[in-house]
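My questions will all concern the structure given below.
All chains are identified by letter, namely A, B, C and D, in their written order; residue positions are counted from 1 within each chain.
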Amino acid sequence: MPANEFDVSALPDIQNRRDSRNVAIDHVGVKGVRYPVVIMSTQGAIPTIGEFSMSVGLKSEVKGTHMSRFIEMLESHSSPLTQENFVNLARATADRLDAPFCEIELKFPFFQNKSAPVSGAQSLLDYDVVWRTVVSGASGAKFTLKAIVPATSLCPCSKEISKYGAHNQRSLISIEATLLEMVSLEELVNVAQNAASCEVYGLLKRPDEKFVTERAYDNPKFVEDMVRDVAVALSADSRILDYAVEVENFESIHNHTAYARIVGRPDTKIQKAA
Amino acid sequence: MPANEFDVSALPDIQNRRDSRNVAIDHVGVKGVRYPVVIMSTQGAIPTIGEFSMSVGLKSEVKGTHMSRFIEMLESHSSPLTQENFVNLARATADRLDAPFCEIELKFPFFQNKSAPVSGAQSLLDYDVVWRTVVSGASGAKFTLKAIVPATSLCPCSKEISKYGAHNQRSLISIEATLLEMVSLEELVNVAQNAASCEVYGLLKRPDEKFVTERAYDNPKFVEDMVRDVAVALSADSRILDYAVEVENFESIHNHTAYARIVGRPDTKIQKAA
Amino acid sequence: MPANEFDVSALPDIQNRRDSRNVAIDHVGVKGVRYPVVIMSTQGAIPTIGEFSMSVGLKSEVKGTHMSRFIEMLESHSSPLTQENFVNLARATADRLDAPFCEIELKFPFFQNKSAPVSGAQSLLDYDVVWRTVVSGASGAKFTLKAIVPATSLCPCSKEISKYGAHNQRSLISIEATLLEMVSLEELVNVAQNAASCEVYGLLKRPDEKFVTERAYDNPKFVEDMVRDVAVALSADSRILDYAVEVENFESIHNHTAYARIVGRPDTKIQKAA
Amino acid sequence: MPANEFDVSALPDIQNRRDSRNVAIDHVGVKGVRYPVVIMSTQGAIPTIGEFSMSVGLKSEVKGTHMSRFIEMLESHSSPLTQENFVNLARATADRLDAPFCEIELKFPFFQNKSAPVSGAQSLLDYDVVWRTVVSGASGAKFTLKAIVPATSLCPCSKEISKYGAHNQRSLISIEATLLEMVSLEELVNVAQNAASCEVYGLLKRPDEKFVTERAYDNPKFVEDMVRDVAVALSADSRILDYAVEVENFESIHNHTAYARIVGRPDTKIQKAA
């Protein structure tokens, strides 16, 4: 191809032109970008597949952002990815795009190696994790850790009113916490699992199945109980600035979901509960 | 705008050109077309929202089909839609597109008005329905009815090995049947619900919750039991030419699904089981 | 079954017991409840299929809410559903559940009857609508209308730097507005469509396809342009208290999405832009 | 816990009991099992995240399969996973479960390192891959490779009838091939990309954007053209026993999808086309 025609200096840069509408944009960027990443965890450096959203604020006088630079920044990310260099990636992206603000969200599946409760048989349990960071000149950097954890819930009402049995189901417990100090993923997952009627496992032999069945029956929990137990645990943790916890029960007796949600802020009643 | 420039007779018809690759296309058409429809059911004419896929076979010598004609045919469909005029819509579409073959699939949510088992409280239960028809000059018309029905399953193994309780969960029972004679949606839904540990309901008061809890515990079913019970019922029904039944259990003790599937054909062992 | 065993007065009401954790719950309720609804619109009463989320706040001293009452309230809703009786449904739900707060979200597909721009051929365009209301003793009732509208975007940069052609793609423009006075769905949809390079249609004949191709090429828009044009229009509308607009472009040259988002509040620069 | 109560020899094995319905089950197993895997590719051993479905046939006289053994087999899989030891995993699973038949499906995201066409800037392109194997005593082992590849399509009709511009959009090209001999993933991906108007990339600088815009405009393709070009290429490949190719265009001028599908078998006209 002719060198001159494709010479970048010969091509107009429309995005850099002035915009006359006088409207700043809160977020502009890319979504749904899948990339392999290596996450630094307490288990060491773990390869997984991430889905990134990256955005910056755009000043009112500029026509457009340079979308390709988000992918350039992603290409250049440090590996393994720690929470610290994830925040630094957002800082560098804000700089590269001359932006007042940058937000990056990274969602990835993570795995916990679990031993079945009686047989000790090993298997992996998968859950989703979200890292989010917001950096801005005005307010510094913020890091949020989210874990979405499957578990079993067994209905206290069903147990109490029935001669035998109790309806139970899979639940999803989502904890999102803004961290003041390092909190490991495994700690959040434990908080979630402790709040449920029972943990779930990839592999259960018959003695294990007997154990989890009886464990859940001995430990009934409403969706309200689970969300409150998580809130109490997080409110007592001084490393956490604020949090949101949501629990969904995929009811075995209905075709819809029961759910509950608590948002905990430094100044709310939830903190006093601790 | 200038009339002549947009005059259809002045615009080339690329699709109608000859194709030299000598490759016939099995299916070409449109997918993901949402349209409101009125379905004729045993409850009368019921409005719902359909999602259509429509395709035809394309002869090897023709470059392309005329995609806009699918939407024209959809616009012209008879309302309320009966199984018969649904098949006729496929016939007319094959004619309009000069095609050897036409397949139409219509997916829509349907609702069953249910009374709670003790209180009699009324509510709706939603499930998905698929109508599918294939018409061709060679083999005539075929109509397939599919119902995807939520229900409760309770694990026989968990019940037998545990001192108390038993894990249970929501299941989806999918029945797809090619019909020789009219079978109502409600009949297929009943076959599915009868094969489960218990039906699910939109609304259950406390006495109803006691009832369904005990009912499921009295009636444990593996995913294998449910798929077999449906297969036995369908195999005994002479109005059904062939069928596929699939059951998925959203296990309350795992983060994955257990499933089973049986395909029944006129000449298979399943038919002999009847 | 024995009448006394299932007599509701003989069954304990666990949900009504005291909770000692001293943690109020922000939201507790049901999600993913599909129900047929009739929506009152400027086109008259239109049947569609809704998906409801309903939640209330729960006082710290109460153990649980009564989930079945959400479905009872839904069963009792006025039909056709106007924005006004939708808000009243939330008020009545708060009363029925003795709650300080109730939020209801209703998502449904809606259809616009469109004439193709040259041929005038009729077809329907589908988009998603969300109604949301929050009622509380403290702050009264709030109603939010959201429309999620498909459209075409054509890249100004690609057009300017290329000898011919320009990449274009389907976009989704989401507008969510808190209303001070009635704004019709059709008005929001028009704001969205006017901000795009071109509208999309269900059915286009060849002269129409020529028209929309040239129209998009004549009217290139970045994702930043679309989100700003919507923001300017909404900021100038005194019937709207606040809004969020988000645009996503399903880029034809990438496997990810470009997006932009502006949140407009009474006191922000966006309002001043009007 | 008391050792004897949880002793596996003391627990009944319900699954092993006789079933009297005389109905064999085509597939019974687990679905939606996420597990990290290392895939052996032409690029070496690549870590990714897999989603497994595993099923066996169940004889008519047996009540149930042992679901936990699927996860045991998965835990024991050889790593890195080659196509050969993937087939061996299915063989071993059939043996372990004493089954006449085993099918395993593994879906995972894969990444292609691409250089932008003018600037040479590096980035990754993600696509989905499916490995499927069926092993049975009767008919041996079969291995199927599927690649789902994003690309750009530009409409020949729109180009020809318009004074300027042409609508274009992202497409997904899915190729599923039963292999007689080893075919690499990269080869299938190349077949898909060659059939499109242009490839897509993660990262494009302005000179690249000019290039892909002009390239697509110079190379218009209907969905029918793409599906046929893939069919011709696969039909000519003697390492491929049979195949299915499907192309979906996410039309930029509509809110629905255009699609086409060809199934190629050893004895069909498509093979003759080669």
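Keep in mind that, in the parts below, a contact is a pair of C-beta atoms (placed from the backbone, for glycine too) under 8 Å apart; a residue touches a chain by one contact, two chains touch by 3 or more.
Labels paired with UniProt names: A, B, C, D = GTP cyclohydrolase FolE2.
Computed from a prediction, not measured in an experiment: that's the story for all the values here.
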Open item on the list: Test of understanding: which option in A-D, A-C or C-D shares over half of the contact pairs of B-C, residue numbers taken as the match?
Closed with: A-D
Task: Distance-maximising chain from chain D - centres being C-alpha averages - done: C
- [ ] Round to the nearest whole Å and give the separation of the Cα centres of chain A and chain B.
- [x] 35
- [ ] Quick one: report the Å distance separating chain B from chain D, using the average Cα coordinate of each chain.
- [x] 24
Task: Numbers and ranges of chain B residues touching at least 2 other chains - done: 11, 33-34, 126, 157, 161, 202, 204, 206, 210, 255-256
Task: chain D residues within the chain B interface of the complex - done: 11-12, 14-15, 19, 21-34, 55, 58, 60, 63-65, 67, 156-157, 160-161, 222-225, 227-229, 231-232, 248, 255-263, 269-270, 272-273
Task: Interface residues, chain D side, partner chain A - complex - done: 1, 5-8, 11, 13, 33-36, 47-49, 68, 71-72, 75, 109, 111, 118-119, 121-124, 126, 202-207, 210-211
Task: In the complex with chain B, residue positions of chain A that touch it - done: 125-127, 150, 152, 154-155, 157-158, 161-170, 198, 200-202, 204, 206, 209-210, 212-214, 216-217, 250-256
